[in-house]
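Remarks on the structure that follows.
All chains are identified by letter, namely A, B, C and D, in their written order; residue positions are counted from 1 within each chain.
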Amino acid sequence: MNPTIEMPTIEYATLAPLLLVFGAAIIGVLVEAFAPRYLRRSFQVPLTLLSLIGAFALVIVQVVRGDVETGPVAMGALAVDGPALFIWGVILVLSAVCVLLINDEGHFVASAASVPGSSDEEASEKAGHEHTEIYPLVLFAVGGMLMFPAANDLLTMFVGLEVMSLPLYLLCGLARRRRLLSQEASMKYFLLGAFSSAFFLYGAAMLYGYAGTVSFAGINQALAQGSLLDPLLLLGASLLGVGLLFKIGAAPFQAWKPDVYQGAPTPITALMASGTLVAAVGALLRVFWVGLGNLDWDWRPVLWVVAALTMIVGAVIAITQTDIKRMLAYSSIAHAGFLLVGVLATYDTGAGNVVSLQAILFYLLVYGVATVGAFAVVTLVRDAGGEANHLSRWAGLGKRAPILSGVFAFFLLAFAGIPLTSGFFGKYALFTAAIGSGREAGDALGAWMTGLVVVGVIASAIAAFFYVRVIVLMFFSEPVADGPTIAVPSTGTVAVIALSLLVTVGVGLFPEPVLQLANTAASSLFVR
Amino acid sequence: MTTQYLILSGLLFAIGAVGVLIRRNAIVVFMCVELMLNACNLAFVTFARQVGNLEGQIIAFFVMVVAAAEVVVGLAIIVTIFRTRRSASVDDANLLKY
Amino acid sequence: MDPVEIIQHTAGGVIGMSWLMIAFPLLGATILLVFNRYTNRWGHLLGVAMSLASFVVAVLAFVQLLGLPEAQRRQAVHLWEFIPGMVDMGLLVDPLSIAFALLITGVGSLIHIYSIGYMAHDPDRRRFFAYLNLFVAAMLLLVLADNYLALFIGWEGVGLASYLLIGFWQFKPSAAVAAKKAFVVNRVGDFGLLVGMFLIWTTFGTLAFAELKPITSENPTTLAIGLLLLLGACGKSAQLPLQSWLLDAMEGPTPVSALIHAATMVTAGVYLVVRSGAFFFPEGSGAALAVAIVGAATLLAGAIIGCAKDDIKKGLAGSTMSQIGYMMLGAGLGPVGYAFAIGHLITHGFFKADMFLGAGSVMHAMNDEVNMRKYGGLRKYMPITFATFFIGYLAIIGFPLLSGYFTKDGIIESAIHAEPVLGWLAVLGAGLTGFYMSRMVFMTFFGEKRWDKEAHPHESPAVMTVPLIVLSIGSIFLGGYLVLSNTLLLWLAPAVGRPAELPGFHPFSVPGLSTLALVAVGAAFAWFKYGRAEVPAVQPRGSFLTTFARRDLYGDALNESLIMRPGQWLTRLAVYFDNRGIDGVVNGLAAGIGGSSGRLRRLQTGFARTYALSILFGAAILTGALLLVGNI
Amino acid sequence: MSSLWLPILMAVPVLGAVVVALLPKGGTTLAKQVTLLVSLVVLALTLVMAFQFPNAAGDRFKFEATYDWIPSFGVHFGVGVDGIALVLIALSAVLVPIVVLASWHDADGVKAADGTVIAPKRSVKTYFSLLLVLEAMMIGVFAATDVFLFYVFFEAMLIPMYFMIGSYGGAQRSYAAVKFLLYSLFGGLLMLVAVIGLYVVAGKGTFMFPELVGAIQDPATQKWLFAGFFIAFAIKAPLWPVHTWLPDAAAQAPAGAAVLLVGVLDKVGTFGMLRFCLELFPDAAKAFTTPIIVLAVISIIYGAIVAIGQTDMKRLIAYTSISHFGFIVMGVFAMSQVAQAGAALYMVNHGFATGALFLAAGFLIARRGSPHIADYGGVQKVTPVLAGFFLVAGLAGLSLPGLSSFVSEFMVMIGTYSSDAFGSGALAAAAIVSALAVILAAVYILWMVQRAMNGPTAEPVKAFKDLNAREVWVLAPLVALIIGFGFFPKPLLDVINPAVTSTLTNVQVDIPGVAEKGAGQ
């Protein structure tokens, strides 16, 4: 009877992947602190890779054993349900792959503190210094990414968001070449990221004021009972949305994306474009579905407009880009728009939801993999001053490096959603879910959803133009004089590209296993 | 009373947001963001009081920790860029565009 | 009396093998074209042999047909299923088709033989024979077909052969243009024939002659079909208003002009009308009247053109138009006219081929000069050519007792009987014929020499003159044989029907005598103008009427201003519209998206504070929208 | 019971493509020989299959094989052929070896007689392996009995063709290739929406074509879905006014690729109309007949008129094809046995005729390096064999009776004229107007022949060599087929007719049976 302090129940087995990643990150910090400089690298790289792979193995173990939690864990802080596990798996694979890219030499500055162009910089470069802090930073970011979509209340989500973002802010500024750009990207990302998390937090505060709790289930329950017209609620929902939409780069919050993607070291761009996006979409789903599910009649039209705008803006602006990374950034914006279509397709009837959730999960996987592959190729095309990112330098690359260009072209075709690539089935699954969800909910909504799909289709057609433009440049244009060299890829990079290609081709031909997996994950739906 | 606190919180948030928009110095901009976070804290604490549970207050502590971490990261970035450019103006960092 | 029913041929014999008629020349053409220059040495001989073989089959079939009772003289020979459910490929051997077959293979063979000599020096003689063989095959298919579709294949086949042969000397731009023009103008007529077939099949569910029933009274559908077929006939037979190609077609080698543009192909229109007569052109119907009117108009037009031409071949071409006009006139008169039309067709085939080949012989002798103003007095230098040409001349103007006299007179008599106005126009035409043909003979063979210096006329070799002789013999006797005692009429009756009463031969009737008188006047006039008087070597300016005739009654000018010019404009407009209009919209759309992309990316100013502003705006809009939606 | 014919037929070229791609460096001649061999094997297999067709088991579709592919989406790897698909597959199988032979030196780099580089040297192995991949997809697209599978091939085919045009084409190749790809992709994406809609609305959980027939009952839904399919097919076909990509693509593509593009790929559009638009959405098809027939007639006349005004030989041929596709579309939507059979036959014959014309023009262009008609003149005098083939191909293009294209054009026109499916006034008028193209066709073909082949021999033409044995072997089979089927179209029609009958049954149009003729007197 006496109030005693109870031991909190922590489901360690379920949380093992998360804990492993964070633990490894902390060990990495300790290594930085205590190990001599010449040993750090040989510690950090295996540590990072093994922890990520280990975490992935732990996820697999959970999936195989099939004892997926049916309720929140860690005292309601996290929800490790089917979709979360799937997203974890995807993030872990993608980040492990990105670590292989990061491990490739030449991407990161020898000493971030040295002023670009100074003798300092030269000296540290000569001395062969390197920032092995990168690895623990990546691990922290990945930990944040795991936490973000699995959060079951707004506080955990905020913490996850920050744990994910803060290391990335730093990582963005560590490019070896074009350091001014890198630092600028870092600062912009940091300021805007902080700015948007303030919005997120204020929105959380408003919802807390409305519902008296920050747990998603609690908020949704309050929605079921309380007034849906409360300004606190609507303000809270919208500001929360700002924070999340910023992370996935939806219009009109997309402005940071091209700048940051262009300035950041390419392996980090790859990590952001794949892992961060996956995590953010997962979080977005959880907030809008688990937390604000009962408010859907309000946010649905708004999100409709955002989705349409995002697809069009991303596709249209990408057309006139001249930098390959910047172009891929806009492409990523357009794809965020497609994912929003999927988010809109989630609807409160079980079977339909499984279909749309499955589609989103599938899309996240195939898009993430192709993205990492594409950026991996980008790292290999180099000039005297580092990567040759300007598109004009890519002219005639098909002659110089037919296989590499062919692979890149294939990734581009996957982005464009041409059949027999994985991207096609991703797009197909999303659109099917969208149209299907509309049908179940009645005709008016069906028309709106079909309309959104048509917008998406038009955006795809526009988007195809700039993907195709790169192919034209690579294959149909005459090579430029003294064109870029193709770096001899390290084993890691080769593995990354090969894996991405394998998945993109394999899923493009036989999507069924992955679809089944996504379906299994989606069937458990989000736990509340 | 809660309304007044909330209005204050809203005002602080707005001041912070406007500050981000109109100030050029990166440090000041960053401080404005901190102000916004603190506005959130105020709102949390106010609501905690109103709702009658502790969640809000706990969150405020968390936010403080996060803000502190943010300061570490942010200052590092700003200092680096200042060393490079000899300027802390956010408008000077304008190479990445279009 | 209606034509007798077509029966399916089952018995053997030559009729069953009548496809050989087509197969021989087709084989010849194929061998000559496929084996190409390897056959150069003997190609012409093969061509002649194939044509002769075809002639032999035709004769044998004719003989077999003669042996059959009248009611069985229409034998359909089934070959193969062509378009399942619509039409089969088959031949119809009946008095009409066999008459044509004999003409085609007979005259055709003669012209083949003649060409050995005429084309002896042409490096492409082998190709010439290939085309001639191709023509014979196609023409035989045209006349032997037992349905409209197969007829149409032959119809276009002869068009192709005509195209190839007119353009045989394609390196001359004029020949190339003439060939194309002939084909295109013919296609206008083919359009009529095609649409006619649509109507026939839709209305009657068949394209086979055997399954169509003779009609007694006309209805709008059959009238429409009749007029459409007439359009087709006008194209092929160079009748108004599709006459313009024939004069240009004289660009081809002369044997071609003789075979295709005089004796056979151009008469296909007459064949079509006669063949379809019972179905769509019953006696006294509107369609038949239209045929007669077209015929009468063309016979005058052709004659007028013929009066003004200095080019011997073009003069003959005008005459051909005119003579086919006679046949058309006859074909528009029902079964009585059919016999005379076909009769005239056959005799004309002889005497016109005779004269064309004669003209060719003259040209051969005169270094390919065609301008009659540079001839004169040739009769002494080329006696055989002159004699045969002169026989042809007498035949065509209707000199009593020669071939043309009987057949043409028959047409005029029948026409005056049925359609007096048209009939008297035909009489007038006969007078004009007398004039222009005499003019031609006088300018060529009589009077002073007006030759170029290099000209050394000589008689042509036997390989050319023998066909001339044979043809001129036909020109003398054939008409009398066919018309007197109605031989041809009775022979054709099973195929085209028999008139209620048989026409008699009235040599001293008013029309007959007035025709003769007018012809005499015309010939005399020509004698005074071209025989006795000196012919100026350079064409005099001439009156308005002369110019009118010289310029082919302004037919080309009319075509040019009404069709070609607007057509060119339309083409240019369409091309412009396609490039700037449709493609312009497409490219404009792309440019528009590109442009908006260029403008939109300017929003990305690079200033972090602008981005922050956009976030704030976005947040405001999002909140506003949610409040708005929430409160709806 | 599933037959392995079609999977094998598709696998052989794919394997061939892999082999060709993996050949050691420098083995260009070997690559060509292997490609030729593979394509001949495919041809032989196709012919054997075609001869077994009449006796093969199966109701409408024969040689059926169905495997689950993506059960989550209800997608099968389902293949099977009816008569129309069979003849189109046969067309592809015939054209590919011919194209291989014709393209023998296309990737080697072309130099004009005066030494100017017309096309630079390109990768031979890539070209020929793309060609084989394309062949597999062409077979697949016609054989697919699963709507989704059809769509996949429909879109995927674009890519090899895109590379063939873009890498191996003329001066404007990248513009043309991009235009081709984007136009087709746009149509394809609209079709994707309709495909999804079909799946969702039908609610059958499967994409198998036979099960989807008649699944959509609501007329309004039918119309929307029909529009999605039709626009894609109209772009592909191409129908006025979405045709402008074709002249660019065909003019810039190497002659061999142009043959496959116009001869086969574009047929997928008209094939799709016949198979999918009509059978899946019969009510919508009937409702839209009039506007579509109008578009078809505009295509026929407009294409012909614009063709007359062209100065570039390959563009001219492309526009003639637009005119011909108008006929095919008209035949498809005339909804009568004769017209549709004619349209299906037209698809085949057009492939032969236009293929021959493109190839002959290609050989001509290869000798001079210019596609402009004005750069030629008097070719016949110098190279009579080339000129002869060119003329025959041209005559097939103007549908000369006795050549195969005539039979089909005639059937389309007469079938349209006599179709009583909708009260014949409009259709009859359409048939009559379209018959005017007979005249225009003579103008555009013969004028081109006159300008290029006739007249005084132009100076650069004098150095031309006549066709060599390889080139003769390219054109001779086509000409033989054109003439053969011109007089004896029965083998083709016998397999096409039953397929058309079942199409019309599904569209619920009363057919005056094949055997009985017309409406009687």
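Here is the rule we use: contacts are C-beta pairs under 8 Å (C-beta built on N, C-alpha and C of every residue); 3 or more make two chains touch, one makes a residue touch a chain.
Given the structure is predicted, the values throughout are model-derived calculations rather than measurements.
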Chain pair with the higher count of C-beta pairs in contact (A-B, A-C): A-B
Chain nearest the overall C-alpha centroid of the shown protein atoms: D
Distance between chain centroids, defined by C-alpha means - subunit A, subunit C (Å): 78
Computed distance of Cα centres, subunit B from subunit A, in Å: 25
Distance from subunit D to subunit A - Cα centre to Cα centre, in angstrom: 44
Distance from the mean Cα position of subunit D to that of subunit B, given in whole angstrom: 65
For subunit D, residues contacting two or more additional chains: none
Residue list for subunit A, restricted to those that touch at least two other chains: 187-188, 191, 195, 258-259, 465
Touching two or more other chains - residues of subunit B: 17, 20, 29, 90, 93-97
Chain-chain contacts as defined at top: A-B, A-C, A-D, B-C, C-D
Of all residues in subunit D, those that touch subunit A in their complex: 69-73, 123, 126, 151-153, 155-156, 158-159, 162-163, 166-167, 173-174, 177-178, 181-182, 185-186, 189-190, 192-193, 196-197, 199-201
Subunit C contact footprint on subunit A (complex, rising order): 187-188, 191-192, 195-196, 199, 228-229, 231, 234-235, 237-239, 241-242, 245-246, 252-253, 255-256, 258-259, 297-299, 301-302, 305-306, 313, 316-321, 462, 465
Parts of subunit C lying in touch with subunit A, wherever the complex brings them together: 590, 593-594, 596-598, 600-601, 604, 606, 608, 610-612, 614-615, 617-619, 621-623, 625-627, 629-631
Sites on subunit C touched by subunit D in the complex: 33, 36, 80-86, 89, 127, 149, 152-153, 155-157, 160, 163, 167, 170-173, 175-177, 179-180, 183-184, 187-188, 190-191, 194-195, 197-199, 201-206, 213, 567, 570-572, 574-575, 578, 582-583, 586
Touch list for subunit A against partner subunit B, complex: 112-113, 115-116, 155, 158-159, 162, 166, 169-170, 173, 179-181, 183-188, 190-191, 194-195, 198, 201-202, 204-206, 208-209, 212-214, 258-259, 262-263
